[in-house]
Amino acid sequence: MNAVTPSEVMICAVANLLDGSRHIAVGAASPIPAAGAMLRRAIDEARGGESVRISILGSVDHNVFTNGSTELFDCAAQGRIDAFFLSGGQIDGQGNINLVGIGEYPETKVRWPGSFGSAYLYFLVPKVILFREEHTPRIFVDKVDFISAPGTSDKNTYRKGGPIALLTGKALFRFDKDKGSFDLQSIHPGHNLDEVAQATGFTFGHDDSPPTTSDPDPEILNLLRARVLEDLSETYPDFANKLRAEIAALSERTN
Amino acid sequence: MAARLSNGCKLALPVDYAGVSMAMIQPILDSGVRDLDLVCVPTGGLQADILIGAGRVRSLETSAMTLGEAGGAPCFIRAMKSGALKMRDSTCPAIHAGLMAAQKDLPFLPIRGLIGTDVLRHRADWKIIQNPMVEAEDKIVIVPPIAPDFSLFHAPLADKDGNVWIGRRKELAAMAYAAKRTIVTVEKIVDGNLFDDENLSAGIIPSLYIDAVAEAEFGARPYGLWAEYGKQTEVLMEYAAQAKTEDGFAAYLSEKYGAEVLT
Amino acid sequence: MAARLSNGCKLALPVDYAGVSMAMIQPILDSGVRDLDLVCVPTGGLQADILIGAGRVRSLETSAMTLGEAGGAPCFIRAMKSGALKMRDSTCPAIHAGLMAAQKDLPFLPIRGLIGTDVLRHRADWKIIQNPMVEAEDKIVIVPPIAPDFSLFHAPLADKDGNVWIGRRKELAAMAYAAKRTIVTVEKIVDGNLFDDENLSAGIIPSLYIDAVAEAEFGARPYGLWAEYGKQTEVLMEYAAQAKTEDGFAAYLSEKYGAEVLT
Amino acid sequence: MNAVTPSEVMICAVANLLDGSRHIAVGAASPIPAAGAMLRRAIDEARGGESVRISILGSVDHNVFTNGSTELFDCAAQGRIDAFFLSGGQIDGQGNINLVGIGEYPETKVRWPGSFGSAYLYFLVPKVILFREEHTPRIFVDKVDFISAPGTSDKNTYRKGGPIALLTGKALFRFDKDKGSFDLQSIHPGHNLDEVAQATGFTFGHDDSPPTTSDPDPEILNLLRARVLEDLSETYPDFANKLRAEIAALSERTN
């Protein structure tokens, strides 16, 4: 059995969620989603499939956009982007996300940067993966204080996309669009249902004994530790070094 | 060039990585201009935070304010808590749509998404209409033009005729098209005409849209300039630490710019 | 590449001076494709006229059809008189607005002007609405998206990854953004990646939008290619003379392309 | 007294009409309007004024647009273009222009190219100069068969521009926006009121003895024959050569 770091578990989970995507957009400050996208590309190429396109926003080298920062949004509207990642200062059980602040708007007690493109992209990108490594009741609340973007819309609202999953440092949830709520899909190694329930401020569906997030196949882990780490080093050198160190520490412990 | 700015004018500033004219902060502070209505295209950072902290900003329209790896924008956060800043929270494509409406002098542009968000709920200037092209219920948001009095940014090159080369940072062109006047700092003003090299022409904003250009080497620092030089994250970190308190920011403003916070 | 076109598809073609893929006429005629809905961006010339004359075109949306100095487009004029062509007379900025609506996947875009024109009166797909932003009477026209199944044009350069360099002919980019698929001929396909030269990048349509590229030296002739080679007006004159009659055009089509007029 | 060719009379009339413009757009196939714009620029520069900007559509060298063919229309909407030229297969007494055809649309007896940008620009450019050298009742009709663009609009229609003048090979008319009709301003040398009235299919206001279109001052004629002819040679070599030949023929006759 391969020992796997927590980051690697999340990266592999992201790569799984991205199966079937042709074009994935990633924010510049999102190394785990980017690594997941790069791993997806490596897996598809290794299997002889078509190479997935990855656009890292704000990057010179990993970004083919030439029509300014509006191009991402035009592409999303047209279905030229299959998958994107969003996060939130608060995320609630209905899939609503809050990137603005805690308390009464506008003079919120805590103010975060703002909604960015979420109020648009959440409606238009088919696969939006919610990613937040920190998994605490502070973040995963019953009801967000400000809806930067809603998890679902009524039938009459034009909506081609939305959340498909929520990935945290402890677990992976699937979003059920029809119910408008999350179901626990798997718990990462080293965590358990009680802990996840305690850390989550909203109720979610789950089996009595939810499965553990599966370790990657050895071939996939090899792709991640060889080619993907190399790809990452160019764009996210700090993250790549940290991941290398974690892998090294892990192999010391397990040896 | 900052003398052209007038109190109460609407000033558009670009996103961190596109070419921020940090070099113009000193002249703007020196000019004493105040009550600025800032528009960040589509997000704001250090430049907007300094102007807010220095008490020069009346309102802010942006989809986010952040120092990136250096965390939240401290003066912005303080101003929001104190209620000193009229905030127009937006979303990136709505900023772009507003600029595009101004570029075409249209009274509105439609935009998808937004329905059911609190972003929309707090924007009295945005409206929901029925899509007039269909009979079936189909609500869509329309946003009004964003026509800045001034757009201000930093670019790699200009020529003596006032043509500015921005390469593929087309959001800068969008800012210039939308604005009544555009003020630019550049790394270098070259002799000859940029149009002489047809290879460059696709990345030129013609002088038609440019009202003033000045040379300012490394004029985007501590931000980077797309494909020219990198960001100095440590300088942003230092700023974040110093500006964490009102007094800390006042000291920063005085030391770095010899300027005072206006109240 | 012409095998990708299917009967009844909507095909967008560029204005004379922007980069017309004259080289693709032969494969299009050979493919036997018919019932094309042509969109000229924003005006049409020789390429559209040949396809109309050859009986391949069902409808035409354009703001003008002309051979420039060589006069009117003879097959177009004949088809209009006979009623063989469903015509959608437009105006240049309405074509651009339609493409922009498709680029943003919006159900409509507003456009000024047009009120009181017979252009508008004959366009059932355009609507007049009250500007929802104001109380006072202010009528404005809205136009639906123009989303071609294919855009086809000719450009100076492409690389093996499918990135295409168009320089400042941004209407070609607008065509590619709006279309479901884009087919391009180029003077030269180069080794390496066009993005390696950041100076060129502002004029690149990334491969994201490009479905097929083929090399065709002087592929725009007898039209010119912006800043590369000039127009052969005498060839256009000869065409105008030969195509003046139905028989003359049939002979031209047979001699030059080995093709027949479909009825 | 200077002898002046008919083309020169029209070029000088255009330059006069363009007084005060900062940015003039000209169609690629319009040498007389272009020459008038170039003369305007030369006059302003000679008088130490600001140099007027001239955009010749479709030209590589005399066109600074870098945002595709939509840019002209965006500039016009914003008031960044002060003056433009339109023509018509038919032009009527209300300033309506027809670029589409004669007879019942769509199966018109005569079909012209189409409306181009007129249905938009006529509403938005402050100074639109109607220019048609041929002056016959075939062109100048009482009522156009197809309105590509109307001369006037009602008060509730958004309109920032429209026709200011009509220049032909025989005469210069001013457009009265309030009345919605033309007044004869002057008749070119060698023509007379009867001839103009005969050649015009619509009624127009006029003095009993309309003035003759004035010959240009010698300094202006010098600018035209030196600098402007040189500028023209680059962009309109055929027209420049023709004009040179006409001037030469004229000076042979008058010597």
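So that you can tell them apart, the chains are marked A, B, C and D in the order they are listed, and the count of residues begins at 1 in each.
What we mean here is this: a residue touches a chain if its C-beta (ideal position, glycine included) is under 8 Å from a C-beta of that chain, and two chains touch if they have at least 3 such contacts.
Since we're looking at a predicted model, the values are computed, not measured.
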Other chains in touch with both chain A and chain B: C
Where chain A and chain D are represented by their mean Cα positions, the distance between them in whole Å: 61
Centre-to-centre distance between chain C and chain B (centres being mean Cα positions), rounded to whole Å: 36
Distance between the centres, which are taken as Cα means, of chain D and chain B, whole angstrom: 41
Residues of chain D engaged with two or more neighbouring chains: 60, 65-67, 73, 77
For chain C, residues contacting two or more additional chains: 105-106, 111-112, 138, 140, 168, 170, 173, 198, 201-204, 227
Category of the chain touch graph - line, ring, star, complete, other: other
Interchain contacts, given as pairs of chains that touch: A-B, A-C, B-C, B-D, C-D
Parts of chain B lying in touch with chain D, wherever the complex brings them together: 102-106, 163, 173, 177, 195, 198, 201-209
Complex contact set, residues of chain C against chain B: 105-112, 127, 129, 131-134, 138, 140, 142, 144, 166-168, 170, 198-204, 227
Chain C-touching residues of chain D, taken from the complex the two chains share: 28-29, 58, 60, 65-71, 73, 77, 99-101, 105-109, 111-124, 146-150, 153, 156-158
Interface residues, chain A side, partner chain C - complex: 23, 53, 60, 64-67, 73-75, 77-80
Complex interface listing, chain C residues touching chain D: 15, 17-18, 41-43, 62-66, 68-69, 72-73, 76-77, 80-83, 87, 89-94, 96, 100, 111-120, 122, 137-140, 168-174, 226-227
